[in-house]
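What follows is a pair of complexes built around chain A, which joins chain B in one and chain C in the other.
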Partner chain A sequence: MTALDHPTGASGWLGLWRRTPLSFRIGAVILLLHGLVAVFGPYLVPYGYSEMRTGIPLTGMSFEHPFGVDQLGRDVFSRVVHGAHIVILLSLSGTALGLVLGSIVGLLSGYVGGWIDNVIQRLLETLISIPFLVLALLAMAAAGPELAGNPVLVILVVALVYFPRIARMARSAAIDIATRDFVTIAKLRGETAWSVMRRELLPNATSVLLVEFALRAGYAPVLIGSLGFLGFGVKPPTPEWGLMISENRALLIISPITVLGPGLALASLVVGLNLFTEGLARILGRTVKLGGA
Partner chain B sequence: MIIARLILGRIASSLLTLLLVSLLIFLVLEVLPGDVATRVLGRDATPESVAILRERLNLDDPAYLRYLTWLGNFLTGDFGRSLISGRPVIDILGPRIFNTLLLAAYAFLLYIPLATLPALIQAVTRDRPLDHALSLVTLVLLSMPDFLLATILLITFVLAIPILPAISLVDHSSSAFEYFRAMTLPAVTLAIVMAVYAVRMLRDNLIEVLDSEYVRMAELKGVPAARVVWRHALPNALVPTLNVTALNLAYLIGGVVVVERVFSYPGFGSLLLDVLQLRDLPVIEATIMLAAAVYILGNLLADIAALLLNPRLRSG
Partner chain C sequence: MEAVVRVENLSVSYRDRENWLRVLHHVGFSIARSEVFGLVGESGCGKSTIGLQLLGYRHANMRVDGGSVLFHGQDLLQLGRKKLDGLRGNRIGFVPQNPTTALNPSMRVGAQIEETLVLHGRAADGQQSQGRVEGLFDLVGLPHPKLLRQRYPHELSGGQQQRVCIAMAVACDPDLVVLDEPTTGLDVTTQEQIVDLLVALRARIGTAMLYVTHDLGLLAQIADRIGVMYAGHMVETAPSAGLFAAPRHPYTRGLIASVPRIDDPVDAAPATPLHGTLKRSELPPGCAFAPRCDHAEEACRITIQRLQTIDPVHQIACRRWRELPPTPARVVLPSTGRSGAGDLRHPILEFDRVTLAYGVSGGLLRHIFPGRPFIAVDRLSLAIGHGETLALVGESGSGKSTVGRAISGLLRPYRGTIRLDGAPLAGTYRRRSDEERRRIQFIFQNPDASLNPRATIGRILERPLKMFFGVRGSAAKDRVASALLEVSLEPAYARRYGDQLSGGERQRVAIARALIAEPELLLCDEILSALDVSVQANILALLRRLSGERGISMLFISHDLAVVRTIADRVAVLFHGQLMEIGRNADVFEPPYHPYTQALLDAVPTVTTVKTRSPDAAHGREIDNAACAFAGRCPWQLGRLCVDEAPPWRQVSDDLSIRCHLPLDRLPRRAASNPQPAVTGAQP
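== the complex of A and B ==
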């Protein structure tokens, strides 16, 4: 029984919406706002993300510059808005890639079992044994100076950090599903492991994987922000929020809003994703432990 | 003796994982396509300097031989020398590890009350406004990146309450009090981030235990409420959080990288960032091996503790 089964008077989409948990609704609204800013924001803000001399550098909050002006004279608010689609796209595509890889590896490994499963588990364990930020930094460093700051590299690194963790969840789901009759029947029909995975395991693991995706996506902006903050993520002048916080840190005492502005954007996105995930998990009748790692 | 076998099995599997980690680190840093020497020195390196580096890293030997030599040296405690300063890696790493261990111990000390007290308050006032308010606070803190939290603490304590230093530089000549002052803000940041993970779980565990029959029984027997919470509920609710504490150890290893950078604290994490930027391979390898070893050890200890504490696993 899930949260949506409770009978109430309302019907249709509005009724469905009203029956979702409060955390899901608040999270969805926050995410919708972020989505709108990401899509339309760049056309509405007065300045470009690398446009200099928009105001007097180091001045604090004002009506024209709600988040102040940075050292190079760029409008921080415009930069934060321009950054939204970058942060969201990098997070979602990195997590999605991790989900696809993790689901395939995890479901197949759990279904096939035996020594193949053992070997795969060992390798996944190896990747999980390196703390994820350290693993991400290692991958960034190993890619060498030519690729440094490439957004595709950031996506690949997010996927690399997440796929072993997602695979572990997918594997336990597969082991559970594989004991059911319809899988045995499919096997007796002579279906290949790939087709059993795609047609029997995947559809039945959807809710596990969906929650796992939301959970990981919720932490991805922090991971990307941490890399940017530490100088191992996307390169300036990209308006990625972690990078902006790091760039404006020197202004902290004169104009704290230049740091708090991008910080607010990042934290609110993650709050939205976390609330959404918690609500989604409750709708799907699962428990979820927030926190990423 | 089933338990002893289980524990030995876990230890063996941890050692195997550590071996695989060493192989992975070596593969990624020294065997991946592209010449290591050019990757370390950059594209515009002179042929002479590339040749010298190739010689120093024995790059003309086959990869498996280099790996075995490296691993052998590693196991005998020889971590090599820095490519930049020529100093033995162990001399560079030693003081940094000391600083980080001190910081981690301080953070863990703060972590215990920061995790327990809010969870206790929430469990006792469950579903009342205070519980909801604390839930909201932990959710916001959970969503706050550690580098942002560290930065905000930095503003608050350096600007508003200027009793703590903004830059936590310490060295062997610093007094104990200077160390204490320098470590406070980084330790508070780490402790808050770790505690937030634990509070949410501990609250739910506590509520579950408070609803259990033996706690009801203790209440019916007339045991004072405070004693019920402290002696009956809390110890039982803490067992499942061991896992979170192991996860926190994992976080701590990544967390020190960020927090040490924000506060310029000369520990293991800021060393890792420096050597990654400088491409100082021997130091990178030793640092990452150490991070993985600590993490694997933490997980192993959590597993063993769970085995010892779980009577069902004990009997078979």
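== the complex of A and C ==
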């Protein structure tokens, strides 16, 4: 029997892959490319990220320099490739920190309820009501000049921006789960709020939280890029994409590719993450509904 | 006899991920004009699927493999969408199980029915359709049609909502009405009223009805003929009287025997409940019931069974029907010989004039904003003896579950004290000691929600061991295995997840989780109401055995009097937060009755008695703030006395107290329309 005998019944990983939504597949491929570039790219590109005099500045697109050469004579394409892991790492770790904080605060707040929940929610709303760039800049300013440009600060700021939003999602999940009898039983057994959260709420909120993580991670590169653009992100000459767009923005008329290049990289990452997230949400939504363990 | 609808050889499959699963196998039956055909079976037997097929309903994950549904000769399965739309709601009406979700919450109920009328051209929009709606409301016994028409669904009670749904179903004088478990979510007394209404409607408008239910007792009240379904097969069809008198198919027999009866001797259990559960994975190619059948032979497993006519009106799908022994007389097990009422001078749990209220602000605020709390339970005094099973019965809204919440510490008593073994129990669970928490354990109604779907059964059961006894590791594994065995589950279940189990199995795990803490008091809150009758019978047998072996006290909260009768030592009857009657199980079910108890008993549908009841005995309206909550609905009410003065407790005997103004000799002696229960044996 050949595979042709089973037009729909392909088995194994391939069959599983075929059953995933199209958006998930496209997103996964884009992310895989970004991942490969981030890991192996720096060894393959001809120039270092701060290497100058690689070509004639502002000559535009060429085979030698696909994204052109910037004012300082650096090859923009090489810089974009060198920057990939920075953007990805900063986005993921910032979002992950926000997820951990947000899950704990949200689940506990939703489970405990009462005035504690009320106070926490009002505080979170205050944070959410501040536009996220303003909040990020405020946090940067509060951290003081000696920390400026430190990647850890960027991660903390991403986490600060995202955790209230994730916490609200986690809270609504917790409120829903907490009405079920198994939580009541755990409560009556005398379990602490922490233990109820960890053992009963968290495992049942994973699908919600996973989707939330992927969704936020999809926008984190934009946030980091914006910070870099405004000069509050990592320090030059780090090849962070937002920073590169900012540095080259004066060249937009003369040599637009130096801005469009990093912009394209950023956009494809965000689109990839978003497609992946959407597909993931659909897969999880389906299995959760089917009750698959 | 002209058939309104004829189902022929219908086979339907559902998709489960990649596979098609056959849920109906060559089902055939017909319903004549003004006939009520009852379809009964346990969950998953395909009865609701048939109901949907009569509406021509289809969806992407469903496939008709063959057969036809002929409605006045035209095949609904072949009709296009437009034609079906013209029939549904017009020639074919539908009454759903849950009226709360069936009605549009943002639309006035009258307008929802007008919509149906106008859509099918039965009335012009405006005055004419409003008049029709009022007429329909009148027909289905809704009071004040003019006012009620303007209400939103949430402003109506469950029973009223279902009446609206029925009005909608019959709005266009349909030829056929499909009713899918229309009373399952309702109280016994409300259920009785709805069934009365359906019987009256049938007599007046003469529609054919398909009545889908899991409740055999109900069908005895309303159905002319009954079809019994098992695993997608029709296994027996017969006129309702004939079916109950002489069921032929082993499954039907088991089903009827599993129904606990109000007229069984107290404390007795049916001897021949169905064993096992339907396992889809183990279905033999032949008779689907063979794995659970006592009479099955090898030939049953391999030969496909089709309905065969054994007398003009009786059909059965069993190849051995001639050889089966005649329907056994109902055998009941003798009483387990438990001590009965425990020693009430030293009860395990005691309620001392406990008032329970909702809407009470806690702490300091209570003094600043006293507000007006809603009193759910009013000065309740109650005691449960060691080793005793006390049943708390009443309709929804009676406060019986509120009592459970107070015992668990989820609701702090507004006034009064709850004592555990003589020591006052803190009002909230947080303030109780681990030891106190261990001594009281809980089992809840909904088996789907009682187990964490993301934890294995083993992990769920190990947790209380660690919390209460500090047992972990292999010792805990051993205790879990023996706990599973004790509730008749394989120890291998420890590795499974809750959603891999059936409802009955999950409820067994919930029982095991409670027992593993070695409690002294077990609180069971409606633990059977979500389960099929055969599963109910097995769980009841398990609880009886456990309470006998372990001497655990139980508070058994239930609305089902027949179930209560088989398990309780004593029974307390609650109505709107007031205790009406309390006493030994046998005595509560024996005259004299409290008027409310009588009404409750009267409303229980049974498989043995086809009732002719006097209409409207207990359908009056309650009076707000009356001293006796039942005043107004009580047919025996003594004028203003019952409204103004709290009724006194009357000691009927050492074991029975009734709270009523009626003097002892004037208390109702027999249920108004129910024959005297033929209880002879098992008297204490």
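Everything below uses one rule, namely that the second predicted complex is superposed on the first by the 277 of 293 C-alpha atoms of A that agree within 3 Å, B and C clash if a C-alpha of one lies under 4 Å from a C-alpha of the other, contacts with A are read in each partner's own complex, and residues count from 1 in each chain.
Going forward, a residue touches a chain if its C-beta (ideal position, glycine included) is under 8 Å from a C-beta of that chain, and two chains touch if they have at least 3 such contacts.
Not measured: the values here are computed from a predicted model.
Model built by superposing both complexes on chain A: chain B and chain C fit together without a clash. When both complexes are overlaid on chain A, the residue A:E212 reaches neither chain B nor chain C. With both structures placed on the common chain, the touch criterion links A:R189 to chain C but leaves chain B unconnected.
Set against each other, chain B and chain C differ in how many residues of chain A they touch, and the higher count belongs to B.
Using the contact criterion defined above for the overlaid structures, shared-chain residue A:D75 touches neither chain B nor chain C, since it reaches no partner.
When both complexes are overlaid on chain A, the residue A:E200 reaches chain C alone and has no touch with chain B. Contact with neither chain B nor chain C is seen for A:E240 once the two complexes are overlaid on the shared chain. Taking the Cα centre of chain A as vertex, the centres of chain B and chain C in the superposed model span 90°, given to the nearest 10.
Of all Cα pairs linking chain B with chain C in the superposition, the shortest spans 6 Å.
Where the contact sets of chain A with chain B and with chain C meet, they give residues 290-291, 293. The touching residues of chain C, counted against chain A in their complex, run 17-18, 408-410, 429, 432, 434, 437, 442, 444-446, 449-455, 460, 463-464, 467-468, 497, 499-500, 513, 517.
Put simply, chain A touches chain B in their complex at residues 122-123, 125-127, 129-134, 137-142, 144-146, 218, 222, 225-226, 229-232, 242, 245-246, 249, 252-253, 256, 259-260, 263, 266-267, 270-271, 273-275, 289-291, 293. Residues 16-18, 20-21, 24-25, 28-29, 32, 34, 39, 42-43, 139-140, 142-148, 151-152, 154-155, 158-159, 196-197, 200-201, 247, 250-251, 253-255, 257-258, 261, 272-273, 276-277, 279, 284, 288, 291-292, 295-296, 299 of chain B are the ones that touch chain A when the two sit in their complex.
Taken together, the chain A residues at the contact with chain C in this complex read 8-9, 180-182, 184-191, 199-200, 203-204, 206, 290-291, 293.
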